[in-house]
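Some structures are shown below for you to check.
You will see chain A twice below: alongside chain B first, and alongside chain C after that.
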Partner chain A sequence: MALTTRPAKSTRNRTLADRAPAVRKAMLPYGLLLPALIALAFALGYPLIRQVMLSFQEFGLAQQFGRPPEWVGLQNYRDLVSDSYLWVLVLRSVVFCLVNAGLTMVLGVAIALLMRLMSTPVRLVVQAGLLIAWAMPVLASLTVWTWLFDTQYGVVNWILERLGGDFAGHSWLIEPMSFFLIATLLVVWMSIPFVAFTVYAALTQVPQEILEAAEVDGAGPWQRTRLVVLPSIRPVLLVVGLLELVWGLRVFTQIYVLQQAGGVTRETNLLGTYVYRSGIGEGEFGVAATVAMFMLALTVLLTAPYVIKMIRDDREMA
Partner chain B sequence: MRVKKTLGLALAAALVLSACSDDGDDNSDGGGGPDTADIRVWINGPDTPQAARDWLKTEFEDANPGSTLTIEEQEWEGLVERLTTALSSDDETPDVVEVGNTQSSTFTTAGAFSDLSDEVGDLGGDDLLQGFVEAGSYDGSTYAVPYYAGSKYVFYRKDLFEKSGLEVPTTLDEFVDAAITLKEDNPDPANFSGFWFPGQDWRNGVSFVWDAGGDLAVEEGDEWQGTLSSPESVAGLETVKTLMDQASGAAKDGNEADAQVPFCNNEIGMMSVPGWMTGLIDNADTGCPDMMKNVGVFPLPGSDGSPAPVLLGGSNIAVSANSPNQDLAKDAVALMLSDEFQTILAENGLTPAKTSLAPLLGEDEFAQATIAAATDARLTPPAAKWASVEGARILEDLFVAIANGGDLAELAAEADEAITDQLN
Partner chain C sequence: MNSGRRLRTRTRVLANSLGLVVFLICGFPVYWMISTSFQSRNEIRSPEPTWHPFGGGLDNYRRLFEDGEFLDALKISLLVTIATVAIALLFAFLAAVAVSRFRFRGRTSFILLMLVVQMIPAEGLFISQYKMLDGLSLTNSVLGLTTLYVACVLPFTIWTLRGFVSALPVDLEEAAMVDGCTRVGAFFRITFPLLAPGLVATGVFGFIQAWNEFTLALVVMTRDDKKTLPVWLSTFSDANRGTDWGAVMAGSTLISIPVILFFLMVQGRMVSGLTVGAVKG
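Here is the complex of A and B:
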């Protein structure tokens, strides 16, 4: 996107000198945008419109198989807003999202900074390890994780038992807090490689001369990191942080698989799994679409400060 | 150059997307479908024995040259969700599906299955298990036909019973006492179960509720009402709690799948499982054939000494309404209800879909337990939206919470509210 907007700016600069032909020229970038917009409209627009429509309908299993749906106006919204369970879910999801995105960012950036200081062979080993964690199919790795924490035969309980703890038959998933601890572990473990790789790539672009100059000026390692390195990779950090927030809010697979393995479903639902359970599980597609609308609003709300900051940064650079 | 590439990519993307959104032809005209096709049959869990699968594939392909039949095994866990998504897609729908008897009504009322009313007579008519035909019927038409039945009964370790000086229990009280005694007499391993009762296993738990005179939900007027907090139901749940606390070493939030693993690992004195569990234990790959000499069975006894009411397990089969191969799919259903196919099921401990074939179960201990367990078998409430209760995992949550030591009356009241909410 950044690439396509640039020509537009340079054209605008020229319009000061010669207005009329420039208008025609200014149309060209928009024309070039059109195919992408059409593709986006198909891929994102249609499902979104369908979701909005669904949220105003009573749409159940029978409708899924062809019976015409009934329009119910704002009924779905009214039902949900007055359901205290939704607000519990919203709070739970936001906290889970912030904790996970925060942990992932801190640990991911720390690993990226660390990678700069590693000797090449060590770094390659670390990168290979990260890559494997990143490339592993989610369900496969989740199956292994649930085995590790299995109540009866899990190796984690076995080790803790050998170390003298009372962990025989300890269920890691039955208490919601413990459930979310494991879920956080899985989500963070899976997300770190992306952050570490992206930030590491950005770090390699920080000019060595600036760092040397800062060192000559007497800046210590911490000051150099905080005042030189991090500000120069700020745009990357913003984008990665934004993505982590969005992903943290719509987390689904990890929670769903863990719920299957144990735990109390109602006490461990997040918005993502609730949309699935009410839509696909209970056949209430209208209600599920309404919850999804809440999720969308929440995502926009949570990421708005980020996006505004990014746009502002973009303007400052231009 | 770059412009061209972008345009090309965008065009390609647009083409792919429009291809995806192509709904394909509507099959609602009721056409019988092509003469040859690949028929996909969804079978759930390991219940259907391999011999029956092989027979079905061979017979179908011999009878319909040019067509093939593929069996795709699904997990019971999460089946309602998977059927909901798969059956509503013209392109992805399997042609024939097995569905749990208690899950049938959700799909028959929604119009997900083809009308089989005209075929019922040829498939067995009055000889078919009538309870299952009813579960598969809606508004006077039959959409799903019985596949097999089977209620759970108790598997126990004869050697451990002997060691503790126990007799086969004849009442529910004796059963509970035996379970607790077994647990006390076998302190090693620590997770040994006198009676194996994983927290999510409400399908066994409901037996104790029914035995005490309680129920899951009842219809009052036009409304369904959860009844787990009635005094009778709570009394049943007390028994559940006693067993979970004092006799079970199973995971408090575990599910009832793969019971043969702890059983073969010497961790179980008694467990209530489907009859086809014998096949899994008596198989070197999945179980421990050496253990078979120690395995005994009996139907779960009720308070009054006769077999306790147990959940009538079993499946229906149906043809997906969206399947383009209606005729071939119906042929496959006919084969699955044929005497030959049902005989294989009966020989493997599953109650066949036709009452006339029931004697094929044999006369051994296992057959007698199968027949006795079915004497007071019951179904989940016949509410159209019952599967939603299962989809929301309300009962799993309730029993896990009981295993975890919550307040019974409070938990039961919460579950009632959730059930009432789902059913209406």
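Here is the complex of A and C:
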């Protein structure tokens, strides 16, 4: 978004200055920002500082019952780094995130490209379907999917049984691999509409003349897609891909609910659920805060390029 | 030319059939949710799935409304969501006016701050947010959860409203002031009505986010009578109890309806808003 300076500004400031004392005028914007800043400082800023402090403290069950927390410096970090389970968690979270973001991007872009080839009524039907899937509240989608894959009465088991598989009474959530298969299905199903819509919107902006020129030059449909269409929507693909990565890293709800529905917690934890289970569940707040700091650091690492790009765009437009 | 056209027809047929597959995959879970919510217990528990709805009439919905927990959750969800939207809109509106109507030191930093704050995952911060609310005895309270939600939706709300406010010409306000309105009067008589669609669209974003939010609600609202709807829904799919799928699907359907309606209202803005800098629930 542009930070344009309007030419009208200067004249308006002058009229304002005539009406209000200069100091009051200078303070006014800060006063307007104050409520928002206070709300953010209270609900995000203070907890963030507190979390950094917590991660340097011994804060377990004893402290829950009133013992003052002990400063232990980097001990929590040292413990974690030497705990192989943390690395399993980090690896699992990163792999889960990459697989989900990758699948979502590939399928979402494919659907967007397909939408251009469909006849209009079919495309509208597809868009309606995508919109409804997109609009579904996460928890509603989650309960429906657990119902679809229910061990006893689930319709998926019924269909697979008809197709000749031995799926009667098959439990999808017990085995970690099939647990993550379901989780991936869910996450991808929920995330595709956003990618498909955004990329489709970008595709409609690709100038028709360039495509026709490429066709005249003898480029086939596949070459046109690969060499003309995709490069010209590169910026959108980058932003959407990055957002998918960030969202993939913070997946919590899907995993948590599936775990409740019958997963083996230790084998299916990702960073987010581990923070919840060790902190809220077991009262190990120091450890949980440290793992959460890992999560934040990973997010910052991933988002930094995006934020820097946004800042640069903002400057260029100004 | 002829073969080219045949190829094009073939591509179109292929694209159309793949499109229908996409539609089925997107739509079937939603259909199944609604369909199950109208099925009787016997149909749900029969070995053969029932493909068409309406066997059980409104029984599942009736059971839902007789369930005190659902009504409690509905009440809490409505309170938190409405409070969040109202407070966030007010605060964001003030901030958006400051950012788009004034030039002041720190303005760019503030805008960047909003951008960065949006990227902080709630999942990375809830431990200390919980500790803070716990220390203030604000767990299990609408006020506590609302405070966290306001901070969650504020950056995006400010970001979007700022676009709406700066799209309005200052000249209109000035003309009214020339005609004798005070600055405040000009603002409320001229700018505010023009801004209403923007406020509605932004408010709807906030509504959807607060209504759907799960993680913070799970952490903050632990007592049974203080659960929000998503948390209430999550307690159903517990492996250790026989799930009343009819009621769960009825609940899911009821929770989804307002969101789907609202979502369709603001969908176009959602696409552009999300690419600009984004939050997803």
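Simple rule for what comes next: the second predicted complex is superposed on the first by the 240 of 318 C-alpha atoms of A that agree within 3 Å, B and C clash if a C-alpha of one lies under 4 Å from a C-alpha of the other, contacts with A are read in each partner's own complex, and residues count from 1 in each chain.
Convention: contacts are C-beta pairs under 8 Å (C-beta built on N, C-alpha and C of every residue); 3 or more make two chains touch, one makes a residue touch a chain.
Since we're looking at a predicted model, the values are computed, not measured.
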* So, does A:A133 touch the first partner chain B, the second partner chain C, both, or neither? -> second
* Asked: Thinking of the overlay built on chain A, is A:I280 touched by chain B (first), by chain C (second), by both, or by neither?
  -> both
* Considering only touches as defined above, state whether A:G248 meets chain B (first), chain C (second), both or neither. => neither
* Figure out whether A:G108 sits in contact with chain B (first) or chain C (second), or with both, or with neither. => neither
* With the two structures laid over each other on chain A, which partner does A:T143 touch: chain B (first), chain C (second), both, or neither? -> second
* Who does A:P35 touch here: chain B (first), chain C (second), both, or neither? -> both
* Broader residue contact with chain A after superposition on the shared chain, chain B or chain C -> C
* Which holds for A:L61: it touches chain B only (first), chain C only (second), both, or neither? -> first
* Structure fact -> Overlap of the chain B and chain C interfaces on chain A comprises residues 32, 35-36, 39, 42-43, 46, 150, 173, 260, 262, 276, 280
* Structure fact -> Per the touch rule, the chain B residues reaching chain A in their complex are 3, 6-7, 10-11, 13-14, 17-18, 21, 28, 77-78, 80-81, 84-85, 87-88, 106-107, 109-112, 190-191, 199-200, 249-255, 262, 267, 321-322, 385, 387-388, 391-394, 396-397, 400-401, 404, 418, 422
* Asked: For chain A, which residues are in contact with chain B within the complex?
  -> 32, 35-36, 38-39, 42-43, 46, 60-62, 64-67, 150-152, 168-169, 171, 173-174, 259-260, 262-267, 276-278, 280-284
* For the complex, which residues does chain C have touching chain A? -> 11-12, 14-16, 18-20, 22-27, 29-30, 32-33, 36, 44-45, 47-49, 87, 90-92, 94-95, 97-99, 102-104, 106-108, 110-112, 115-117, 119-132, 147-148, 150-152, 154-155, 158, 162-163, 170-171, 174, 177, 183, 211-212, 214-215, 218-219, 229-230, 233-234, 236-239, 243, 245, 248-249, 251-253, 255-256, 259-260, 263-264, 267, 271-272, 274-278, 280-281
* Asked: Any idea which chain A residues touch chain C in the complex?
  -> 1, 3, 5-6, 8-9, 12-13, 15-16, 19, 26, 28-30, 32-33, 35-36, 39-40, 42-44, 46-48, 50-51, 54, 111, 114-115, 117-119, 122-123, 125-126, 128-148, 150, 153, 155, 158, 173, 189, 193-194, 197-198, 201, 221, 236, 239-240, 243, 246-247, 249-250, 252-253, 256-257, 260-262, 271-272, 275-276, 279-280, 285, 288-289, 292-293, 295-296, 299-300, 303, 306-307, 310-311, 314
